[in-house]
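The two complexes that follow have chain A in common; it is paired with chain B in the first and with chain C in the second.
So, the complex of A and B:
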């Protein structure tokens, strides 16, 4: 933790017991404040999930929603279906996707030591699109080239293709990270692979029927609304596994955040930490992209928000903070995208940045620590 | 990525993504212009317009039953076809006749009592032109297959069971098929194109939802919307799953694309059924989707009869076109950023042009969709073409073309002013009826085209959708 490191330095130089105690007290207060923030945010997340289940384009009385959630039955069968099959999976997907993208962003920002890193720099998104494209090429019948296959095997087909694509690109970047020393090189390799793969997709799109392209466009929007329970059965455990990896490597990430040589001197196996972290981030971002389509901004912004709000760069604090805040931001975006009174649903990717970017700017400007957090 | 909202994550495709997007966007606009893709077109185009004009012209053009009155009065089908709502007596008579085996006609409304071995669908359809759907009849159910429910997608199967009779076991080829009770009592339509089919089959009263009301032309449908009987479930392009589920439609016919929300609907028990008439490469194939829609309402008799007359009048007109000695050379489409998007040589536009006695400049091409061409390639091939049809929807005059790009002036058709588009019937918002009614009445489209190239062959015909753009 930056503050504790600073505290030690000061304490050493002053070398008086009283000051050290004061510092420790400050530290204790800070942690209390963090606990309070965390509890507040967790409460907010719970409220937002409840709101997401209670609110939708069809108005269902709150008491009915509660009855459906608690007892599993409501006044109308259609209401039950709406709450159980539409709203619940959407709320859960939003919370999971926000958490997953946020944590992936946090991991990548730390490991690349770059505040601009997010899941897209690894080409994961491009990989997912290419996965879809590749399956289409293989599955395409004579003459059909692209965007077939989006209906292939129903909905899971798209997700499977996207996951494989994201995974392959992730593996490529991983392999690079094992070969080369410099993380900047790995970052560049990730970007290049991303461009390369995106170009392949572009070529496929260019030589395909515009009718088929239309189908691809639908996938490219990014939305929490298309994820069903059967898809959640895959999405949730995968995100859980990715979050678990992140949760188990917080100390390693803390060490890495202080610099690779420092981490090495502490006995950290830097290479394996990289591999595990990039692998985990690929899993998180890949699986979310596969099911919900490309969703930008969250991966980049949520870690910064968390650093600013919690005034910390300790991953033991940040990781759970990002999980909760990612869920919050995603849910708010999802709720805003279907504001009552507006007939149409706004595209999620517009909303995330539209409401998120100003918030991040304000938070960053008001919190110097937010900008200092990751640059050691 | 193509015509979309603001939300696309550009970094996905790199900095030149906007170019790509612009290109694709154009592609779809072109497709619209070339008429390759009526469905897309419907998405782009808004609104209602007069259908009386079309109705009036139909009579003079070809002796084909007009949507409502004409076909009711003309021939009486073997069974009750009309008015499910106002003629319950007729329906009951069908119902009552069922227990004593062998109904003489399909059950048009309500349910039937089950008796084993009885053929509940004495009226059947066979498919002649359409490639993208098939119907197989069994005693009390029919199996509908759509080989390509989305572009390039895997085949889907639907089991349509006569209401009141047991569904067959979903094993073997029927595994995983959606089961739908027929005749369907409520339908949501994802595209405007099949709406005229509902009108022709006299089942508009079963329509309970449309994706977007602003896109619609068919008068009976507009009246029903006006009356508040229809839910608009995808006004902004995004399917509102809650609105669909709340309305509990018996089926939802898609726009032929797999929308991200459809899995949710399927899981919630809504029968999501493909509507991909726009993938048919032939004009009559598209129109034959009348039968596809009819199958869900047990209206095979009406569909077969109506389609037969359309088919016949198309054949008569095509014969006129085939007998032409002087075939004028015709080009289609428009240019975007140096790429010319023409109708593919095997597209339904190309087929219409051929049948209208024209020599389409890209007839030797094999594409069924739109054909992106380098400008110079197209210029060399088409600069002497006498006619230019299916141009940009945004041009109100020939001069508008040159205002957009002076290179259009290089074409002979531009210079002679022989520039035609299907924009004659449109409402104040610019919605084109061609994209809706033009699909179900290819014979009338063909008559329009014949009138352009060989006016003396169809002297009686007056233009329905096509018009010559004014010079200024």
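So, the complex of A and C:
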């Protein structure tokens, strides 16, 4: 019943043909080079996590770090605290945030068919910063528990506000994507909402006192520091869920390569795919922004790096590649931001772009994709 | 299935309807407004192995009809059956296994190789990860060969010529294993030879693979020479279906494309541009040189002359005599007593233009 008349004929004509052309068959499989690239990058990520745990402003002997990690106790209690409560969560946060922002960028670049798309275009970051601004500036002046802006409760309050802000903007863009046929319109709606929310934040900043403005500006620098284990208990599952959504929709995202009309003609539920993908990207970007601040650049650059390294537009290759490469880039940025010899820590946002932008330009200019034009 | 021979399979498949419509009306639903009907009352039928060309002037709703048949937009009224099942009752993937499309959208395909683009056609057949099984790879390979793009398989589609790209997209549509393929303007933007190549490829695919094919095109002359069936849309939104010759014979083609400066030459199955008459010309001579005479006549018509026979009142008639020898042609042009000789059609053109100006 399932085989139509046409399929019947084709099955018949195929049997008489010499179809098993090994070269052609091989094109349908992953290439060895891609497996090797992936293995190499996974190794690099593991090394970087180890380095991030071993290195910091307080110098602790490597053997001690290893002992603390493996056995749970070190020569000094302060070292234990530093490794267990500061460095380990920081390294994990960086890896998770890099993966999350990279995947969100990949999803949005595909769904909007625009190589410049990243979480910023949806206004998600703007929504998150509006949430934080509301807590730090408004609630602060109202004298609530957040007023201090210090301590665990205050941080979690900030995170919650950022999540709510990002979620609200995400929901608005989602609603637009259900109503509108053209994805360019959805993109413009996201940008407009972003501007709108950013201007609200600017107004709030103008009427707030200096100290609170400073606090907000510091949050805006972005940082993987200060995320505690208890916060990771929220961040990690949320990022995991977002990555799972991306991992389960690679077939759908691949089908969009030829545009939405073709995808629909192949049986893809286009609107549902939009909702799931924008929703997942909002979750990833929103939760990371909530805990680590608005970190730019990663979402835009990591997908392009992955495409250049793996020479592929296949999301079954790109999604895991972006997870690993996002983690790598974020960890490198974090390590550079605390360069030895400098007392204060550099703003993360400055570092990601400082080291990232030239790398991306070089990679794009050297790759075929970059010089010959690309979308998604 | 593998035991069936080619010929048996084709014989069995031919003649089965892969697409039928009854009272179909297509158009656009507007928000809070009455729907805009573009075409209505369509009773269409495409059989397995049939190659149909849908021809009509711009803006008559060819693309809208095609999109509706493909399930990309909902019909305003009426029914569509794909392979015997009603479109409205079928799930998305079921529709995709019965009908595939080649559209006019031009997407930037980045790094995707021709092979990857063709394998996208397996979307409705693969599992939730989209992994290609052995059978999927077999069918992708078969589609690539059937369309003749084996040597392009590893190349990025972005680097291919327009004609090669269309072939790859046709292979993708074929890899979807549909009962019917719908192609919207698949030969537009192509040069003449590529257009003929693609059209004859489609005709061959329909015959050899037993798939129904509908192609919308502006190229009426090519359609009349290659399609088994022509669907002719006129400006009033009427659709007439029939064999090409039948539609020429009953005047449907000439009627649809008649314009102030255009006429359809039925015997030649081609168009002629009519210019306002710029004078009369009498062409004679050239015994045995059919081509020479034909080209001279074409030149005079293009310059706006009405051809007349000699004799009678010849005062304002431009007389052109063709003298054909071995490998040489000469022309003698006489206008009102004056006489010139020309060694090429270019010179003839200059002379007769001069006579018009005076």
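Just so we're on the same page, the second predicted complex is superposed on the first by the 319 of 376 C-alpha atoms of A that agree within 3 Å, B and C clash if a C-alpha of one lies under 4 Å from a C-alpha of the other, contacts with A are read in each partner's own complex, and residues count from 1 in each chain.
We take it that contacts are C-beta pairs under 8 Å (C-beta built on N, C-alpha and C of every residue); 3 or more make two chains touch, one makes a residue touch a chain.
Keep in mind it's a predicted model, so treat the numbers as computed, not measured.
In the superposition on chain A, A:78 contacts chain B only, with no contact to chain C.
Once the two complexes are overlaid on the shared chain, A:269 sits against chain C while remaining clear of chain B. Comparing chain C and chain B on the residues of chain A they touch gives the larger count to B.
When the two structures are aligned on the shared chain, A:255 is found in touch with chain C, with no touch to chain B. Shared-chain residue A:67: touches no atom of chain B or chain C.
Residue contacts after overlaying the shared chain place A:113 against chain C, while chain B stays out of touching range. When the two complexes are superposed on chain A, none of the residues of chain A touches both chain B and chain C.
Residues 56-58, 77-79, 81-82, 85-87, 89, 120, 125-126, 129, 136, 139-141, 144, 146-155, 195, 198-199, 201-202, 205-206, 209-223, 225-231, 293-296, 342-350 of chain A touch chain B in their complex. Chain B meets chain A in the complex at residues 1-9, 11-14, 17, 20, 23-24, 27-28, 30-31, 36-37, 39-40, 149-154, 232, 235-238, 240-243, 245-248, 257-264, 266-269, 278-279, 369-370. Residues 2-17, 19-21, 24-25, 27-28, 113, 248, 250-251, 254-255, 257-259, 261-262, 264-269, 307, 311-314, 316, 368-369, 372-376 of chain A are the ones that touch chain C when the two sit in their complex. Remark: chain C residues 1-2, 4-6, 8-10, 12-13, 16, 18, 48, 70-72, 83, 92-93, 95-101, 103, 105, 107-113, 115-117, 119-121, 123-124, 126, 128-132, 136-142, 144-145, 150, 153-154, 156, 158-159, 172, 176-180, 208-212 touch chain A in the complex.
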